[in-house]
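Chain nomenclature is as follows: A, B, C and D, assigned in order of appearance, with residue numbering initiated at 1 for each chain independently.
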Amino acid sequence: MDTVTTDLVLSWLRTVDERVREHADELTRLDSAIGDGDHGSNLHRGFVAVTAALTRSSPSAPGEALTLAGRTLISTVGGASGPLYGSALRAAGKTLDGVEPMPGELLQALTAGLEAVRKLGGAVPGDKTMVDAFTPAVEAFAAALRAGSGLPAASAAAADAAEKGARSTIPLTARKGRASYLGERSQGHEDPGAVSTALVFRALADAAAD
Amino acid sequence: MDTVTTDLVLSWLRTVDERVREHADELTRLDSAIGDGDHGSNLHRGFVAVTAALTRSSPSAPGEALTLAGRTLISTVGGASGPLYGSALRAAGKTLDGVEPMPGELLQALTAGLEAVRKLGGAVPGDKTMVDAFTPAVEAFAAALRAGSGLPAASAAAADAAEKGARSTIPLTARKGRASYLGERSQGHEDPGAVSTALVFRALADAAAD
Amino acid sequence: MKKFINSPDTVVRDALFGFAAAHPDRLCVDVERGVITRAERPRAGKVALVSGGGSGHEPLHGGFVGPGMLDAACPGEVFTSPVPDQMLAAVATVSGGAGVLFVVKNYTGDVMNFEMAAELAAEDGIEIATVLVDDDVAVRDSTFTAGRRGTGATLFVEKIAGALAEQGADLAAVADVARLVNERSRSFAIALEAGTTPAAGRPGFDLADDEIEVGVGIHGEPGRSRETIRPARDLAARFVDSVLKDLPLSSADPTIVLLNGMGATPLLELYLLFGEIAALLEERGVVITRSLVGNYVTSLDMAGASLTICRADERLIELWDAPVHTPGLTWGG
Amino acid sequence: MKKFINSPDTVVRDALFGFAAAHPDRLCVDVERGVITRAERPRAGKVALVSGGGSGHEPLHGGFVGPGMLDAACPGEVFTSPVPDQMLAAVATVSGGAGVLFVVKNYTGDVMNFEMAAELAAEDGIEIATVLVDDDVAVRDSTFTAGRRGTGATLFVEKIAGALAEQGADLAAVADVARLVNERSRSFAIALEAGTTPAAGRPGFDLADDEIEVGVGIHGEPGRSRETIRPARDLAARFVDSVLKDLPLSSADPTIVLLNGMGATPLLELYLLFGEIAALLEERGVVITRSLVGNYVTSLDMAGASLTICRADERLIELWDAPVHTPGLTWGG
């Protein structure tokens, strides 16, 4: 079974909720170092609301689920990450047609999500933001599909790339978001948004692996 | 030479200034435990002003010196200790007539000082205040004179008694001053005002011993 | 200790220069004599209100000098009552011939220094009345001790007596209303962290990471008991129970409620705590007629709060509502 | 962490209940939708001012809602910008048909969330203008970064634009004056201790006993550099130099000067520091036309201060002096 079912997307989003909960303190600690120490609680609040919204309205298509999740994040998270993740999921959801889209369509959706983040936030790779994890993840996902991988393997490749991308932010000087206020003092710290993006992709890989 | 000369009184007051300076931190620490942590700086401020006032006006009689010192304390210290020590020295000074009074006259002056403190503050021995050092000091001074001691020995006896009186405040429950707010939690701490009173009598003993 | 100061010895003096610079149009600050008065000269025939006490409680008292409240304030050294010379200088400056009310918080030092000043002023033929503020229920009142401390109710007394004086009442009437407000007001405080005086350089007492000091005063004196931190809801009950025990209230009583921060407590927490206290008071049938939430009677950088309630009546509420224009408290036309 | 809270998750909601209880006569607090508005309904034809941002900066913004200043405030979670739904609810409540000005501090999150709200409101046919406040000189301004942060000047913008809106000016004029005030205002902050968010439970950064953080923001972000504590006189020079470098002033310029406490700094220290700053400004020929000393744009329990100066003109001073009646700022008839 290599299509993107509604169940798979629901399981993905539920897994993100779990992972964010588990890593909330870590995300907050990372954000304390170069930001304002709320990234963990921001995402936690958001994905708890997402799970609740999905349970309430049990969407019948993957795109519908992602769009609802995006809208919910926009309405509950605030901060920089709320509009960014919210717009990403909404854009991805709007791109995803039908009840069982193919992996290639998920790639388009992820690409649309990344585009939304880059358009809204204006960050490019190297600015020390979630874009530094998101971009290589989408690229790895695309490369894996091109190489003939199925959804589980492509998702795992994306998760690996996102984690590597997150780690790659450590030496960078932040140029966007709150960490940019620190200038060179932001060097030596991992970007919290890049780390949470890696969690999102790892959750996709785990959901797809089942 | 067993009279109370102006020089002796000036030397006494200067010695108090020195001792208060040396013990300011200790007095403040004691006051932090059961009060508001200012007794050291209060007395320090006061006796620096006393030394300055005495230098400025070089009084020609012991009573004049003590009265001036008392007035200066009232005008510069504030808090509870300012009016108490100030009134004590003023009352003592007013009692002390002539340029070279006898030790018996000093006893009368010290007694008047103690009376002023007790009248103004309303404390009795056992209330955990400076009265617990002042009272035995005056009694010991009186007893020594009665037993035929001269000024140096009587002053030393008074200082010993004041120090013992100060230590005797440790187990007491404060009933007057700021420490009384603590009720039984004031037990186990030495009263800062009793300790500073012991410094005053030790300074007298040292000045008289020269 | 990290503070915006030049030296522990010059804190009050240096701050007075800043106070003068900040309010040149409304206040007159005599740094040498340690007296803060209104910019306008005293109105003949108006009872003058003079207060004062140790510094470190700002905006009390200097921040309450102005139309509708105090005529003068005498700031002592940090946590140390002012000296009689200051009160005498204040009286000389603001006395309008109708007598002077001393508003004195009940601490041994304050009482003695104001008493000495009152005696000397009386010798100069100036009529002085004194109200002692003693509202803190954490301290047992007894004639054998120093009695209850004066804390939050000082603001109520200064505001309400100040309003009556502004209306032209005589000294007896102003002193009476001041005493009435004090009798009908009670306070209770809890500290999360002690404040640090510049002279001591370290906190007045040390608390563990989960400890609070219950029943503290405003001078870094330790409180009645040390307890474990609890949710705001539970602490609110502690505040309310302590005050109401000493100040029984019926739903027919108008009240003025002050939730006061001790200096380092964020307004966000004060509002939160006030919400819990208001809910509890409502449960118990107590009506909040007027309220004030903020840092008014502080204790340097102590983290904590105090609750003060005044059992008012229509007249006291009217006087409370009267215009006041001071750096620390402003309302009305 | 010791705070007057029930749980880190409910801090803002719980505090809003307290805010409502504290100001029942003047404010309307919609706890569910997270919007604070004036008690009176919007005046038809008046431009409405809506601001908001993360909580923890009280009295900013909720404490600045009232006649002469804001029409509505949207409090986000602690240090987290509010969500667009809040701004839309605020707009729906306070729009008087003459358009709405969003006052937004320049932080990525605030900018994005207000932008989304502005787009959605525009779709509903409501005219929205936005002013971005970016006064903090500690941050280098550049189009490649997030730009300067918005801090103390927010109070100036909200007060002055609010006054003009109250006078009946149209949206373009109100937005223009808001931008003018922002352009002419600069700020700089120094922290002695970081604040602690309820969520993180520990200070945003750790400082040694003699360390200070220079050029900090109001969200517990560390500053530009870590330095050794110095006397207030020297730190005053640091504040003044930093601001004046970016905001050249001649003795002909009227100024508005705000010395702002970050939450845990006693008023005594703020006044002391202000005294030093005022003396330095005088030395450099800068005239302080109006000043404000106190805790206005705070950062929870951060110990520290920020200096904001606005190069004003006669018109801005007039608007500054116009009556304002809010919980956090009150003057005039």
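We adopt the following convention: a residue touches a chain if its C-beta (ideal position, glycine included) is under 8 Å from a C-beta of that chain, and two chains touch if they have at least 3 such contacts.
Here is each chain with its UniProt name: A, B = Dihydroxyacetone kinase subunit L; C, D = Dihydroxyacetone kinase subunit DhaK.
Computed from a predicted model, the values in this text were never measured in an experiment.
Chemist: To get from chain B to chain D along touching chains, fewest steps?
Modeler: Counted as steps through touching chains, the separation is 2.
Chemist: Taking each chain's centre as the mean of its Cα atoms, which chain lies farthest from chain A?
Modeler: So the chain farthest away from chain A turns out to be B.
Chemist: Cα centroid separation between chain A and chain D, in whole Å?
Modeler: From the centre of chain A to the centre of chain D is 32 Å.
Chemist: Measure off the straight-line distance from the CA centroid of chain A to the CA centroid of chain C, and report it in whole Å.
Modeler: 54
Chemist: Taking each chain's centre as the mean of its CA atoms, how far is chain A from chain B in angstrom?
Modeler: Centre separation, chain A to chain B: 75 Å.
Chemist: Give the residues of chain B that touch two or more other chains, as numbers and ranges in rising order.
Modeler: Not one residue of chain B touches more than one other chain, so the list is empty.
Chemist: Can you list the chain C residues in contact with two or more other chains?
Modeler: 78
Chemist: Which word fits how the chains touch one another: line, ring, star, complete or other?
Modeler: Here the contact pattern is a line, an open path with two ends.
Chemist: Give the pairs of chains that touch; include all such pairs.
Modeler: Here the touching pairs of chains are A-D, B-C, C-D.
Chemist: Flag every residue of chain A that touches chain D in the complex, lowest number first.
Modeler: Per the touch definition, chain A meets chain D at residues 28-29, 32, 34-38, 40-42, 45, 74-84, 120-121, 175-178, 180-183, 185.
Chemist: For a test of understanding, state which residues of chain C touch chain D in their complex under the given definition.
Modeler: Per the stated touch rule, the residues are 1-7, 11-12, 14-22, 55-56, 58-59, 63, 78, 192-193, 195, 207, 209-210, 212, 229, 231-233, 235, 259, 263-276, 278-279, 288, 291, 293, 295, 298, 300-301, 303, 305, 330-331, 333.
Chemist: Give every residue of chain C touching chain B within the complex, in rising order.
Modeler: 8-9, 54, 76-85, 107-109, 112-113, 116, 138-140, 144-146, 149, 197, 199-200, 202, 204-205, 217, 219-222, 224
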